[in-house]
Amino acid sequence: MLKVGIYGASGYTGQELLRLLGRHPEVDVVALTSRKFNGVPVSDVFPVFEGLTDRKFMDASPHEVAGLCDVVFLALPHGVSMEAVPLFLEAGKKVIDLSADFRLRDINIYEQWYRKHIVPDLIKEAVYGLPELYRDDVKAAKLVANPGCYPTGVILGLAPLLKKRWIDITSIIVDSKSGVSGAGREPQIGTLFCEVDEGFKAYKINQHRHIPEMEQELGLLAGSDVKISFAPHLLPVNRGILNTIYATLQKSVSTAALIDFYKEFYKDEKFVRIYKVGAFPNISSVKGSNYCDIGLTIDSRTKRVIIVSTIDNLVKGAAGQAIQNMNLMCGFREDTGLDLVSLFP
Amino acid sequence: MLKVGIYGASGYTGQELLRLLGRHPEVDVVALTSRKFNGVPVSDVFPVFEGLTDRKFMDASPHEVAGLCDVVFLALPHGVSMEAVPLFLEAGKKVIDLSADFRLRDINIYEQWYRKHIVPDLIKEAVYGLPELYRDDVKAAKLVANPGCYPTGVILGLAPLLKKRWIDITSIIVDSKSGVSGAGREPQIGTLFCEVDEGFKAYKINQHRHIPEMEQELGLLAGSDVKISFAPHLLPVNRGILNTIYATLQKSVSTAALIDFYKEFYKDEKFVRIYKVGAFPNISSVKGSNYCDIGLTIDSRTKRVIIVSTIDNLVKGAAGQAIQNMNLMCGFREDTGLDLVSLFP
Amino acid sequence: MLKVGIYGASGYTGQELLRLLGRHPEVDVVALTSRKFNGVPVSDVFPVFEGLTDRKFMDASPHEVAGLCDVVFLALPHGVSMEAVPLFLEAGKKVIDLSADFRLRDINIYEQWYRKHIVPDLIKEAVYGLPELYRDDVKAAKLVANPGCYPTGVILGLAPLLKKRWIDITSIIVDSKSGVSGAGREPQIGTLFCEVDEGFKAYKINQHRHIPEMEQELGLLAGSDVKISFAPHLLPVNRGILNTIYATLQKSVSTAALIDFYKEFYKDEKFVRIYKVGAFPNISSVKGSNYCDIGLTIDSRTKRVIIVSTIDNLVKGAAGQAIQNMNLMCGFREDTGLDLVSLFP
Amino acid sequence: MLKVGIYGASGYTGQELLRLLGRHPEVDVVALTSRKFNGVPVSDVFPVFEGLTDRKFMDASPHEVAGLCDVVFLALPHGVSMEAVPLFLEAGKKVIDLSADFRLRDINIYEQWYRKHIVPDLIKEAVYGLPELYRDDVKAAKLVANPGCYPTGVILGLAPLLKKRWIDITSIIVDSKSGVSGAGREPQIGTLFCEVDEGFKAYKINQHRHIPEMEQELGLLAGSDVKISFAPHLLPVNRGILNTIYATLQKSVSTAALIDFYKEFYKDEKFVRIYKVGAFPNISSVKGSNYCDIGLTIDSRTKRVIIVSTIDNLVKGAAGQAIQNMNLMCGFREDTGLDLVSLFP
């Protein structure tokens, strides 16, 4: 059994890693850290584990955790992760980092959107952990930068069109809607029940930190610089992101033909599901699962394609994709432990 | 006291008309019709009126209702409304029609999106009841076509920019999100609690019947044909529509200057509230009120303006705006009975 | 116009007082205090007031506020309120205290459930502000202790039966369910959206501080000591409390006759609505209004009566009832500013 | 592989059976019937199965289905199930019936609460499928009557106390709250999103058909007739039932000792989790899982015990328990295919 640690395990992502790894047949979770809940039983912090484990959170150094496990997931805040990553790598451990610290290849862009980077040399060693695009690199990686939740669905939604250069790359508009778990478990007024329930709002329009991450990957797909407009919104649901993506077509193609092309593009991808003509995904169809569901239509009047993609932000947008990456890095079947049908209703 | 009837009063819009008219100091509601609930006390169908009224629904002909009242609101399905409107007009009554039957000036477009029109000659007598744009016409109208819920927020959000022609009119994209009450009170699987709760989806992308209505009014504002892309979505909330509108700027202007221009444009409009730089409205801030709240920002990188507008679909998007029109038609102060602060949380 | 101040106005209760007082024709709100939001515009903290007021929160002493107004509402935490109340009373102001500091007549019980009381002599001057039971006392009061949210619905639900002594007073069980706004606007993990949404739990069973308040008032109605079992639960809704109350009947009476008796008992009470046989209230029927709705049934098999009462915890359970008390204290019609029909859906 | 059929598979219970059986390593689902969706792909009716199955619903007779499978689950309405059960039994198939048709041992009581029974002789062959109480009988059964959702949690919550006769059996009050999926997928006004969201109500107080089922089982546990008061409520959540149960203690025991006794009573039960002193379960901790979580406390002032039990109504309250029964009937490990951690948030 592979020994696995979760560093910074007391948030919603940490809990989701535990839920999923707990049913993974090839791994044992041997370390769970939390400064805040040091010594507290996991089932006190996450009652879903009541009766299932006696494990407690520990406040352990990276060095200590490295001594216990073969692979480590880092679910730490941006800026904190890069302090711990080098220690795990030096100890010869495989690292899957769920923060943004190693996602951006251009250090200037990272420092412009985040903060000063303390281990810039490590950036080039990191692989962007989107298996559908970088599977072989992930297999060989020591350090995987697990993608952000918004970028995962947006990149998968646009990849086929960008690779073909069938759209005007200056025309991309991404209107995203995310459930509240994406904001984490730290108490703040903005995510109180009464502030969110029966409400809906846009936030950080054109200012969200996932913009440079999306532009980097979309640009690599297109082979040239891409600039997008991005408006994220806060949905009154626990889980799920739905992206509605608009772009001007440069190729004459029918909706049916485009959908066939998407199906062909993703034909070997277990976790990408392309919907038939006239059907669009609902976030409730991916809730709790590792799927990215995609629907498409072309507006012949305006020559625009509209792509709707949806994921569970805690699974394909975080913990599930991290395990998918671990499976690749460790030689397991890619979908091991991830064969979950969505929970509806 | 003005005598008012509501024809087709047993849906959510009917209830909202009753809630609002019940506190209007100048009117008496004298007739409420419903075929389905004929003879049933209003408070049995809508328990919010428990103890407040002994009134019952009646299944009365337009002729009978016309005999009872001075003004009539029609809250009937599209296609049914046009059967009743002529009878009320012939009886000399003022009519506010909440269906789509008299909103589209081009009968061909109406018949393409809806059905055969049986009184096409009446279309030209109808005034499109958006007071912020057509106040004087509404004052003089006998027949007001009350705007659709999506068009209300979208037109108010774009009007200043279109009048100035500061945007590329081929670039308009409208991504809208609506609460469930917009779908009415008829039982159907798609609006069951379990189908909507914890879900979110797009529907009728580029196929929604509000598209020709928006394009008509946006075109009139711009002075030339306008085609938009329109993707409506279903939000798991009771009330509220939030529109996120994208367009390419053709004018060099700062966000602050644009906001000042919007404030100036709407300076005499009690029901339009323009937000300051960096602030965007939440549907929970208009819930239960007749406001349309608007926030704006310019993305200098992509030369796009992003406009966020929000209304309560049952109030400014239906019953409230209908009463605003009635006030104008009958010489009352425009905000009579509509001075409601939103209910939050 | 009566000059009114709200001391501690930045929570949900403060906002609700503002919403309701803003449409009260006899008062002007002249002071709003908040330590945390000193100098911040009210509309920044509560966007529902966008465009409606330029007022800012101020961090003012009770002395300063007393200099500005005739009546003051205190929306402060328990234990803090009693520090401010004497200063307002000495300045000759009428005080409506929304905390628990002056609700319990027995100081020992107060100190057992809360903390040391610093002005115990004032307790006997306070009137328990449930107008339906203590209307005349409220009219003459200088200091009103506004009832708690759970007690309001429970006492109104049981009062007729207890006055008649028709139930076994040792048999009372109260199972209550409250919306989240009752927990206030301070950030804490337990009231985050993701912790509450799609969840439901009991909390503080037999340990909630509203128990002594209910037992005091139920005992006064019964004329002897009453002990209840009380299990509150947290509902995933913004507003509303629904109490399901069980007691063993000692009187042979039919449900219809009991309902008639309740209707008679409350026949002059505008804000209490008794439902007909077989009908039970839904919290959505009182949301946003000052009503307490009550339904009843008798289980002949077990000789128990089951009473369901519901209120909006922010209105009849806090701000609305406080204004009802102010109206009585100041000689206004009791329902002034409170004629609101519930907002549904 | 065991061949399994689901007769009446197009509701929420049918979908949940599919979700769970799809990951059961010992079975193949070979037949799914639906009259309404005959010929329609399962993934069109339940998008969670998109891409996972090509299967279609079929409108097949019991005879046809019996020819295809070894075990059949009946997810039919009450009254319809008893028409099909004999045909499956005659064909030698094992039957798990999720309707109420074979739960009540006394035909008079069945016919009083439901309708005329057409195969009364089969009732005595049915085993009440609550494995924690009737494991051995279930193992030997040909026909299992799968318990109702309310009874499951209530019986498990009371069983230890009743077996010991530690409570006054005339004192039992059950206040239950259920999510909306319990009402099924048939469109009706009462379960529309707008009717349920932000609402909460009691319904069918003392009139719910689960009363005789609970009284039968509680009576068998107690060894004498039991009558309960039962008030079910409708919660604005998709899944989950939480029961708050009150009874008068006749035994002097501490909460800690009582909890120890419950832990001992259920020590071999994988799907029953007893909480520690002071802790009470939240329905969000069992959502999506087969657990029944129980918390307890004693109110020394009133000599009452309060028991809080919670299940997912679609899993332990329906499909999960049905599979638990199938596992027992077919000799599989009891938890096969049911090792799911709850999905939170």
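Think of it as A, B, C and D in the order they're written, each chain with its own count starting at 1.
Methods note: a contact is a pair of C-beta atoms (placed from the backbone, for glycine too) under 8 Å apart; a residue touches a chain by one contact, two chains touch by 3 or more.
A quick note: this is a predicted structure, and the numbers were derived from the prediction, not measured.
Contacts with chain A and chain B are shared by C, D. When the interfaces C-D and B-C are ranked by how many C-beta pairs touch across them, C-D comes first.
For this pair, chain B with chain D, the centres built from the Cα atoms lie 45 Å apart. Centre-to-centre, using mean CA coordinates, chain C is 39 Å away from chain D. The distance from the centre of chain B to the centre of chain C, with each centre set as the mean of the Cα atoms, comes to 36 Å. Shared interface positions of chain A, defined as residues touching 2 or more other chains, are 12, 180-181, 194-195, 197-198, 236-239, 281-282, 284, 287, 345. On chain D, the positions that touch chain A within their shared complex are 12, 15, 19, 22-23, 46-52, 180-181, 197-198, 238-239, 273, 275, 281-282, 284-285, 287-289, 291, 293, 339, 341-345.
Taken in their complex, chain B has these residues touching chain D: 12, 180-181, 185, 187-189, 191-198, 236-238. Touching chain C in their complex are the following residues of chain D: 170, 173, 175, 177, 194-195, 197-203, 205-206, 227-229, 231, 233, 235-240, 242, 244, 246, 280-284, 287, 295, 297, 299, 301-302, 304, 306, 308, 345.
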